[in-house]
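The letters A, B and C name the chains in turn, as written, and every chain counts its residues from 1.
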Amino acid sequence: MKRALALVLICIMALGLAACGTSGGGDGESSANEAFEARLNDGVNRIGFAMADITGQAPQREADAFRAKAEELGFDDVMILSAENSVETQISQIRDMITAECDVICIYSADADGVVPAVQSCNEAGIPVIAVDRGINGGEILCSIASNNISDGRDVANYFGLMTAGESEDSVKVLHIIGNLSSTAQKERADGFRLGCESWGQLTIVDEVATEADADRIYNAVVDAFRATPDIKAIFVPYDQLLSSVVSALQEIGMFYPVGDERHVMLGAVDGATEQLEWLSAGTNDISISLDFEGFGSEAVTAAWNYMQGQSVAETIQTTSIPVVAGNVDYLAGNGYLWGLSK
Amino acid sequence: MCDGGTINMTKRILPGRGINYLKPAILLIFAVYIAIRVPIFFSPANLISVISQGAVIGVASIGMSMVILAGEIDISVGAIIYCTGAIASEIFIETGNLPFAVLAAIASGALFGAINGFGVAKLKIPSMITTLAVSNILSGLGSIIIGSDSTLAAGSAYKVLSQTKILGLLSSSWIYLLLFAVFAVVICKTRFGRYIYAIGDNQDALRASGIRVDRVMMAIFILTGMLCGVGGLIATSRLGGTQFNLSLGTEVYCIAAVVVGGISMSGGRGNIGGLFLGVFIVAALDNLLRLMSVNVYMYNVIWGIVIFLVVLLDVLEKTQKTRGVRRISLNLNKNQEKER
Amino acid sequence: MKGKSSFQHGHLVRDFILKYGIYVGAVLIFIIFSIVCKNFLSLQNFKNILDQYAYFVVCAMGMFFVVMIGGVDLSCGGLIAFSSVIGTSIMIRTKSVAMGCILIIAICTIAGIINALSVAKLGIPAFIATLAFDNIWRGSAYTYTSAQSVSGLPAGITGFYFTKILGMRGPTVLMLAVFLVLFYLLTFTGYSKRLYAVGGNSKAARVMGIRATLMMGSAYAICGCCTGISSIMLVSYMASANASVASSLSLDCIAAVIIGGASANGGEGKLIGAVVGAFLFAMIKNGLNLMGLSYFYQLVATGVIIYIAVAIDRQRVKLGL
């Protein structure tokens, strides 16, 4: 009896759900546009920013710049969510933003293919989408704030190549530290770095180690790599901040020599974080690629604001990555080109 | 009590039980293979660094082994290490007072352990859920403490704690070895140690004999928290500070070390001496994967296979033994029932 | 027995709260979120939660069976990663969605049986065996794809999420179907009695003539099968597949099942409890997102809510209600 009752109850629930479902929801292009207009005129300007991850100084600054710019322009509400490199989390966060009636949604995607269904949902609901930092391979994108992680990785390899130009083939041994396997940024930078190394005969990657971007494991990885190959001449790390454990490890095994010393191990990374930029002048590391993280945030908000004001928005806004070395760090910082040294 | 260690020892010496030699034999074959393939592995410098690389896992595994012996599990270990490390670094940066930072790490570890213990012992929440919740809370809290620059640089003065060389070993290794010795004695020789085994083996019997099981459980989790606090200190002082997500996920390595060390997941059985080998194997495996330049995508696969095989060997060994011991233990059970 | 005596007059409210602990908790959280966030209390959002977390609920329902026999399955996440990259590759190669889906479910069911064999026949603790397999599956997925995502799937699978049946989206319908099948299995056949007997006391079950190994095999196989269905749902959800997917799924599912009132040692619990537990989980995530709480605070809040929710539920068990 009880069981039968339970089953009946469930069927009623299911049917109820179905009934609710059929009543709601319009379709077609025009309704999407109407929806956009309605949200524009609801009195609250809300902007959403779905980020792939926020664990690091760079994405933190990106989020801060985004929030600051949005408040400056007059958005009433800013919604910033981080998916920590999980695509399925990011999709549900974007859909939650749709529910929260965001007027525009900016996406720093965890995976260029994976977020496409979420973008389609935004299109369905008539919410313009702005791709930040990384492109999205589908759906309708209003505007892309593009950077190029592949070329960032390649720039570091090219620097290593230039500095060792003329050495004999395969004589410059390079250690390639792999960060978080699930992060697309990591993947692209690694691909770029490998690509760059291929174009220089003397560069050879002797080891690639997976470290889950965990400082402790990077430390161990560096110690072990030098045990296996004592004459490593250069190390590439995908994120600037992971360099601190590399330096600690080099100090422990007595392989740390500043730039200029003959025994110096070249250190290169991407991001342009504060500590690593300061190290450049001290001769700790060789090169950092500074991405315009604050630019990503503020450009995205500006594009969104312009669109909401009815102005046209460029399809692609290219940002620039700047290779920073000891020789240009002061000049760049003085002119405010480096987010890491701007505050 | 200690796992009926004496029985095991005599069994091991007795001939005719080939399975008992299987594990040492396989380890030996593997060691020979390594010696040929990666000779650098057995260099003294590398062995020393394997021990120091295992220090954080080792210290936390001592706590994890007590928890597992008591039949529970703690998956907040990594998060406690992360959070206590962040607290210690932050305090050291603010005050510059090393003993104070050490005290803070251990005290906060004890507090976090107490939250686990309270949930498991008093509120009767399954340990997996309690520690999962606490793990969530602490990994968030740790990041909030570290703040938006995502890194805390405590400078080289902080490194003294774990990077001082004493008699050829780093102080972090000494801390681990010392704590291991102390806790081996505690677990094997004291009444508290016997209670831990007894909880994992048969809680009701222990309760019937008038022992406050919840207090013992509470103590186990608090001690684990404190050990993780020490782990946090070692991990952060190695790097001279901390970073986002440092050491999160360490619990998996600790569980692996404990199980590879021969301690039963269902609690109540296992020798703490095996843990030392377990920690070494886990640290060495990581070290070997790097020395051998294994394809980064294969790391997980190899990890999984090795853990599976080692535990399988262990289980085979145990079932062989219990066939001999079963009759004795049956008698023991009967006696217990009579007493009740 | 001792607990019964505290079940007296004057504690009606308290006892009511404790008796329906998890449901009261769910309603309470529901009310709080409804007040705090503007868009939480809407039919649209309710459907949104259903669609988004359908895969999670299905996986939790599978996990329920494993928890019932006193085991755990930590391999769900890795298995989803592996089966989805293999299945989608086949879909692209053969242009047949059905083939891919069948393959995914077959892989997962077989993997479930392998888990059961490791636990029941080889005697490896469930926690370790499934942890090892989680690593093996995920590592294989990474190796197979070199950490690239598999995309360009046939429209049949990517359109599934957007298909509306009776006004509900595909995943919700599939979830309801799975629920009905499992509910039928547990309620109208003798299966649940045997399942609970094995979980509660496998020796007693053996005396009753129940083959514990067979029950264990079936429970893990059902879990595997549900994992497979959930893998298909995730593929259609992301319109792609990648090796890093579902990294914390297994633990979340176990938490959902236990939040839903199941005993962690097996032998006690209700399927509907697991579903409610999973939705509670989903609701917390959804509500915190809608509040726009930042990631780190979300972590803390999730932890606190789980701790309190299960604590309340365990008081019920302690009082013997």
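To be clear about the criterion, a residue touches a chain if its C-beta (ideal position, glycine included) is under 8 Å from a C-beta of that chain, and two chains touch if they have at least 3 such contacts.
All of these numbers come straight from a predicted model, not from anything done at the bench.
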Fill in: Most distant chain from chain A by Cα centroid
B
Discussion item. Looking at chain pairs A-B and A-C, which one is connected by more C-beta pairs in contact?
Written reply: A-C
Worksheet item: Centre to centre, by mean C-alpha position, how many angstrom separate chain B and chain C?
Response: 29
Fill in: Interchain centroid distance [CA atoms averaged], chain A/chain B, Å
35
Worksheet item: In whole angstrom, what separates the CA-based centres of chain A and chain C?
Response: 31
Response to the item:
Multi-chain contacts in chain A, i.e. residues touching at least two other chains, fall at 181
Worksheet item: Can you list the residues of chain C that touch 2 or more other chains?
Response: 142, 147, 295
Worksheet entry | Residues of chain B touching at least two other chains | 143, 297, 299
Item to complete: Using the touch definition up top, name the residues of chain C that touch chain A in the complex.
Response: 37-39, 42-45, 47-48, 50-53, 55, 142, 147-149, 151, 158, 161-162, 164, 166-168, 172, 176, 179-180, 183, 187-188, 234, 237-240, 242-247, 272, 285-286, 289-290, 292, 294-295
Fill in: Residue numbers on chain B that touch chain A, as the complex places them
38, 40, 43, 45-46, 49, 53, 56, 143, 148-151, 153, 159, 163, 235, 238-249, 286-287, 290-291, 293, 296-297, 299
Fill in: chain B residues within the chain C interface of the complex
73, 75, 119, 123-126, 128-130, 132-141, 143-144, 252, 255, 259, 264-266, 295, 297-305, 307-308, 311-312, 315, 319
Discussion item. Give the list of chain A residues in touch with chain B in this complex.
Written reply: 55-57, 60-61, 64, 178, 181, 206-210, 212-217, 219-221, 223-225, 227-228, 241-242, 244-245, 248, 252, 273-275
Worksheet item: Which chain C residues qualify as touching chain B in the complex?
Response: 72, 78, 118, 122-125, 127-129, 131-136, 138-140, 142-143, 146-147, 251, 254-255, 258-259, 264, 295-300, 302-304, 306-307, 310-311, 314-315, 317-318
